[in-house]
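Sharing a structure here in structure tokens format.
Which chain is which? They are A, B, C and D, in the order written, and residues in each are numbered from 1.
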Amino acid sequence: MKDTLHIGGIELENRLFTGTGKFADHNQMKEAIEKSNSQVVTVALRRVDLEAAEEDILSYLPKNVILLPNTSGARTAEEAIRIARLARACGMGNWVKIEVIRDQKYLLPDNEETIKATEVLAKEGFIVLPYMSPDLMAAKKLEDAGAAAVMPLGSPIGSNRGIKMKEMIQILINECNVPIIVDAGIGRPSDAALAMEMGASAVLVNTAIACADNPVEMAVAFDLAVKAGRKAYLSGLGPVSTTANASSPLTGFLR
Amino acid sequence: MKDTLHIGGIELENRLFTGTGKFADHNQMKEAIEKSNSQVVTVALRRVDLEAAEEDILSYLPKNVILLPNTSGARTAEEAIRIARLARACGMGNWVKIEVIRDQKYLLPDNEETIKATEVLAKEGFIVLPYMSPDLMAAKKLEDAGAAAVMPLGSPIGSNRGIKMKEMIQILINECNVPIIVDAGIGRPSDAALAMEMGASAVLVNTAIACADNPVEMAVAFDLAVKAGRKAYLSGLGPVSTTANASSPLTGFLR
Amino acid sequence: MKDTLHIGGIELENRLFTGTGKFADHNQMKEAIEKSNSQVVTVALRRVDLEAAEEDILSYLPKNVILLPNTSGARTAEEAIRIARLARACGMGNWVKIEVIRDQKYLLPDNEETIKATEVLAKEGFIVLPYMSPDLMAAKKLEDAGAAAVMPLGSPIGSNRGIKMKEMIQILINECNVPIIVDAGIGRPSDAALAMEMGASAVLVNTAIACADNPVEMAVAFDLAVKAGRKAYLSGLGPVSTTANASSPLTGFLR
Amino acid sequence: MKDTLHIGGIELENRLFTGTGKFADHNQMKEAIEKSNSQVVTVALRRVDLEAAEEDILSYLPKNVILLPNTSGARTAEEAIRIARLARACGMGNWVKIEVIRDQKYLLPDNEETIKATEVLAKEGFIVLPYMSPDLMAAKKLEDAGAAAVMPLGSPIGSNRGIKMKEMIQILINECNVPIIVDAGIGRPSDAALAMEMGASAVLVNTAIACADNPVEMAVAFDLAVKAGRKAYLSGLGPVSTTANASSPLTGFLR
């Protein structure tokens, strides 16, 4: 049986979402995204040059990926809504990742404004994936507001610090009905595998790939790790104990 | 360029070592080991029935794997040495994993006896892989004694607790000249990936595979995770920061 | 120079806040609170029997403590506001700990409703201490709404799991202008000391004291730990390094 | 009932051992040690100027402390033995902290040599406290060799990294019959409290006190933290749970 992720009427086979920021150049980005096997790629609308088609970042993305324009730069629900509508008007599809951020130091999102933007955009037919600060009640409200998935941060964007908010993310996974996609802070493939083992539906990784010494190979590493973590989740992890449990028989047969 | 691990004159492409304990039956074990792509498999000599060839565990192992008989059951260097010699005499090859354990609760090894056994067996031409309690000075002595690799425990055998001895294992990886193979305690693919990201040369996983709900699929998961972690190590992990680093440009282009 | 905490015009010398729930009986509670040296004690209005004065929980509290009625049981801002007003009308003073909780499994607060209640009650002259899910933007809004301090949870109420939300709580401590008081989840004195070392202004501990085998002695332990952590914070913790730094001279004087 | 620690026929009331290295000057050291209430103070024999009595470090130590000369600088059991004998011959008493260290980067001890030195010195009537790399089998051998207590490291000396070897130290505490004194790496009072909560009999702290901005106040903080942790251990920590447990009644009495 195929294990697929359904979001917005689309059936995804790959659970690694990627981003387009921080790569050395467009060609490196293109190759890394291709090698990652990612099917959903987020891009800041700001980066899309709507006139200079030649150099447009979009032309470097694999043909079959789902574009996930994000509202990076938005400081309020209203601004996020405007960016989302503009992206759709420009032909970037109806998926949108809501980012409402005023904090410039940690880039932490404003859950309240995010909920408002989600509600409006979901009603307008967008497939809304909100970036959020992990908090169960906010996640439930995003769910109620029509979010197609909820994207809690593991730690601050681009920090590579790993899943520091693990406790709350596990609660979101346990209690929410929409897919949980861990976004931000994932710094290593082991972090991505851990998120998947916890039951996350997908992860979004950008900085850890783009800022590796070898982004293309790191993209492959994350693809493998996400698959490993997902497979482990589906295969039922064994029990954890305080003391040891012999793998090999201990009876001393020589005595 | 191929990334291979050299131990005892053998060039290994796969860095996941597996074990034969705790599987529901021999067929399940056989399938899990095959799917893991493991090239080195440890087996307690006690399990090998030297007479009933038909049901012999060895007949269920893939033809091309390197057999790593372990001295499970040994309580002293002397006993470990006898088991190793017996294994070789029985045609099980010249690789041996030294386990000298008297503690029945946590199954923690005796480093001092392990060093003694290593010295004797290495001189006799064995390829010696000693299981040990992570301790830099003991690891250096094992190296001096002729160990082909050193196998520190992550946490007690079969506990699935993960790499609790991370601090010391990292020091071993930094300071030793022989390969470090993390053995015992690895409970999830993310643990295995982490060990590899830290620079371990390989990991040995048995319980976490054998005690999963679906051991065969879990074996695949570990294979992927080890590859992911190794690839990440080779690709150069990006820097970790306390504050955020924007992946997407933040200049509000709408304002 | 005295190190005091100013909240609502009051100067507190002790930074351990306590609660009144889960004790075996009122006398045990009374003794534990006395021994804790706590100057602020939270009590659910529900517990206060406004008629049976004799058995009233309030009569067991030390005379000089500041009563911090909480709105336990409130599921909306409106309900929290009603409870707060009722408490004040009953002569319980003008401090109030806002708790707005609908989640019955993890008892996680609703930040959005909490902000609303804080705004209304602060305007009515209450000294408002809101219990919240750690989230920087919500904390800033509580600050703007007039909160006298902000009380982020370390982990779910009564879980004794410790400061699992450490990453975000540290950010709150760094970025907020009002005192941060870590509430919920503190399970051991070392957790309380850690919160204070991080720069928290105070901690609230209830379950870990009340559910200890010896609540009275555990109250003393928490008092000491909070003082230790605060003193460490003020004394400037030394630098952390990856390698060692000799405490004793290493030059071998015997050689 | 008094809670005291018995080592070498001495009854100690205070469980914080301190050191004499790294202070700005002898007066600061003197004041910090006094304020710490420490009853056992370690000093490298190298520091003791046997001729210039005036400036001798020993003259700055409180009169009633037990001197714990350490063998800092020793690289073998033999050297440690010589230093210990010399210290005793100089009138420094019969307590000795064995340190056998060849690793200059992490200052990690050699357990095997340490066991040898312990055996010899214990037979000569010394009260031997060996510094060791946490390892159950080595600890049991130290016990058998006559150690009065065993001193596992939490993390490298002077690193302030905390109790990174927690897993193995807990096993030592559970399984050994002699007192376990956590030494090295303790960076904050919360680390010291944690060690005591785990059941350690004492802790030794030097760098974290001496390298604080205010060593004298930090010494007080550690004294309080050790007392807090010990008291918590004796008072029986409450149970830890995954979900919440209400401290306050949740029945909405307003509805």
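Here, a residue touches a chain if its C-beta (ideal position, glycine included) is under 8 Å from a C-beta of that chain, and two chains touch if they have at least 3 such contacts.
The structure presented is a predicted model; accordingly, all values stated were derived computationally and were not measured.
The chain with its CA mean position farthest from that of chain D is A. Distance from the chain A centre to the chain D centre is 46 Å, each centre being the mean of its Cα atoms. One inter-chain figure worth recording: chain C and chain D are separated by 32 Å, centre to centre, where each centre is the mean of the chain's CA atoms.
For chain A, the set of residues that touch two or more other chains comprises 105-106, 108, 161. Judged by the touch criterion defined above, the protein chains form a single closed ring in which each chain touches exactly two others.
Chains touching one another form the pairs A-B, A-C, B-D, C-D.
Against chain D, the residues of chain B that register as touching in their complex are 102-103, 105-106, 108-112, 115, 133, 135-138, 141, 155, 161, 164-168, 171, 175. Across the complex, chain A meets chain B through its residues 19, 21-22, 42-47, 70, 72-75, 79, 82-83, 86, 99, 101, 104-108, 156-161, 187-191, 193-194, 197, 206-208, 210-215, 217-218, 220-225, 227-229, 231-232, 234-255.
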